[in-house]
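Okay, so here's the structure we're looking at.
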Amino acid sequence: MTIQPINQEGLPGELSRVAATVLGQPFTRLVGAQMSAIREGHLELYVDNREELSQQNGFIHGGVIGYLADNAMAAVAGTMRPEGALGTVTAEYKINILRPAVGKRAIVRANVVRRGRTQSVTEAKVSCTHEGEEKLVAVALATISYLYP
Amino acid sequence: MTIQPINQEGLPGELSRVAATVLGQPFTRLVGAQMSAIREGHLELYVDNREELSQQNGFIHGGVIGYLADNAMAAVAGTMRPEGALGTVTAEYKINILRPAVGKRAIVRANVVRRGRTQSVTEAKVSCTHEGEEKLVAVALATISYLYP
Amino acid sequence: MTIQPINQEGLPGELSRVAATVLGQPFTRLVGAQMSAIREGHLELYVDNREELSQQNGFIHGGVIGYLADNAMAAVAGTMRPEGALGTVTAEYKINILRPAVGKRAIVRANVVRRGRTQSVTEAKVSCTHEGEEKLVAVALATISYLYP
Amino acid sequence: MTIQPINQEGLPGELSRVAATVLGQPFTRLVGAQMSAIREGHLELYVDNREELSQQNGFIHGGVIGYLADNAMAAVAGTMRPEGALGTVTAEYKINILRPAVGKRAIVRANVVRRGRTQSVTEAKVSCTHEGEEKLVAVALATISYLYP
């Protein structure tokens, strides 16, 4: 399946707001991340590797992998946010790095594990595409709080 | 105490290598992080806020906070690396966000909690300076593996 | 499917050793945990609720849920241990509690996410059976180290 | 300083309720844990090693260490609970095991890192006393939620 940016115009209101928030963040633009999927309880972000995103061995920097996981886990909670909640904020997350992030592209796929009223638990898997093969490079687990007025 | 970039030239060999690795990473330069302290078992990084590093409310993006914590916790393990180890790599970390990262500067202070032969446990505290006051914005705990030939 | 203790006698050597280690631990016997499944990369433990295992509201105590997750995540790494490794030891884990552990039985199902030579990453899901229905009460993620002579 | 059970009768109301809850839990009694300190923002539990609490090598079982850390981190949040909150519940925690839990006694010291209205972040250090010397065996970091009516 081809990975490509979503069409934001075709999204229902709630999802459209989540996508606009993530994609409009200046740091998201600095990193160059794109959103390839968004639906209730599921969200994907990806970034194409480039020299600026690398660490000392040319792998995608752990900071980029962490950014992808954190941002996707916070945003996916937004796709199921309870009525009245204004937004989401990361309370905490944990990430295990399984392999060096070698490859042309990193993609994170995030899901809601358990939706709550004040917070949701979400998880993410980050994979890298290298020589046509996709390998899992990180797994993460997060607690995301909902912001109320 | 003034926070300013370390003088790399004055560092002993081992610490000099750790500093050069961190500061030479292309992603570190993209983020614009500086190192303000390095000694055996302790390391500090900081970044001055600018529009590119922000999220939707103008706060420093969580991805930057995660980058600072992760990078400092991996690098500080390098300041105590066992003989024969070539470098360090993050096995995993967990981070709790305590407050929005509001302010002109974010600084991370990392320490080695327990040094091991195959891995060390390290911790970090991230603070933001806002209107002359420094507030703790995140705490993190990591497992850092040593790489051997 | 009925949940019942495995038949230890029918197990191949490696799995038999893992099962004997877990089930022979005095603390496992104090808690009263049983093993209901073991195969390469997968392992299940369960415990029937009783007054001694409860907290102040009669739910299964978080310490029991943590014990189940930790023990299963360490043991499942043992089912795929590399040649020469003598055993496994938990380096760290993180657990999210999703719901109160209400019910007659708690069961943990653990899997290996990524097997390594010095350590493996494993995950676990803990569910409780209440009024004939099974609900997910906790998810966990661990780093398990292999012990070598 | 001698480690001994607190005198529950001398405690102010709020702390008295926290102590009574922890010490009255059936699982706490099964493990045999005692509380050696409680004040606003700080709490200590300990357990004397005995055969029932051990794993296969005679060390204190990781499940006991996890129980001590989890319970102390949840209870310490209770010592600073906001007005109107009925109690505390562990949302999540992460624990790093630094050394085998060898010794006659394990003690956990927990502190509040950041108090919030809906949840607090707390941390714990677990040490073991062996041959008259106390060694750090685990560090942990938790998110504890407050329960409201």
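Per-chain numbering from 1; labels A, B, C and D assigned in written order.
Here, a contact is a pair of C-beta atoms (placed from the backbone, for glycine too) under 8 Å apart; a residue touches a chain by one contact, two chains touch by 3 or more.
The shown structure was predicted, so the numbers you read here are calculated from the model rather than taken from an experiment.
Student: Look at the interfaces A-C and B-C and say which one is made up of more C-beta pairs in contact.
Tutor: Of A-C and B-C, more C-beta pairs in contact link A-C.
Student: What is the chain whose Cα centroid lies farthest from the Cα centroid of chain C?
Tutor: B
Student: Report, in whole Å, the distance between the mean C-alpha point of chain A and the mean C-alpha point of chain B.
Tutor: Roughly 22 Å, centre to centre.
Student: Report the inter-centroid distance (CA atoms only) between chain A and chain C in whole Å.
Tutor: Each chain's C-alpha centroid was found; their separation is 30 Å.
Student: Using the average of all C-alpha atoms in each chain as its centre, how far is it in Å between chain B and chain C?
Tutor: Roughly 35 Å, centre to centre.
Student: Show the residues in chain C shared as contacts by 2 or more other chains, in ascending order.
Tutor: Expected reply: 91-92, 94, 96, 121, 143.
Student: Okay, in this complex, where on chain C does chain D touch?
Tutor: That would be residues 21, 24-31, 51-56, 61-64, 66-67, 70-71, 74, 89-97, 100 of chain C.
Student: Please name which positions on chain D make contact with chain B in the complex.
Tutor: Residue list for chain D touching chain B: 94, 96, 98-99, 113-114, 121, 123, 136, 139, 141, 143.
Student: Would you mind writing out the residues of chain D in touch with chain A in their complex?
Tutor: For this pair, the touching residues of chain D are 91-92, 94, 118-119, 121, 143, 145.
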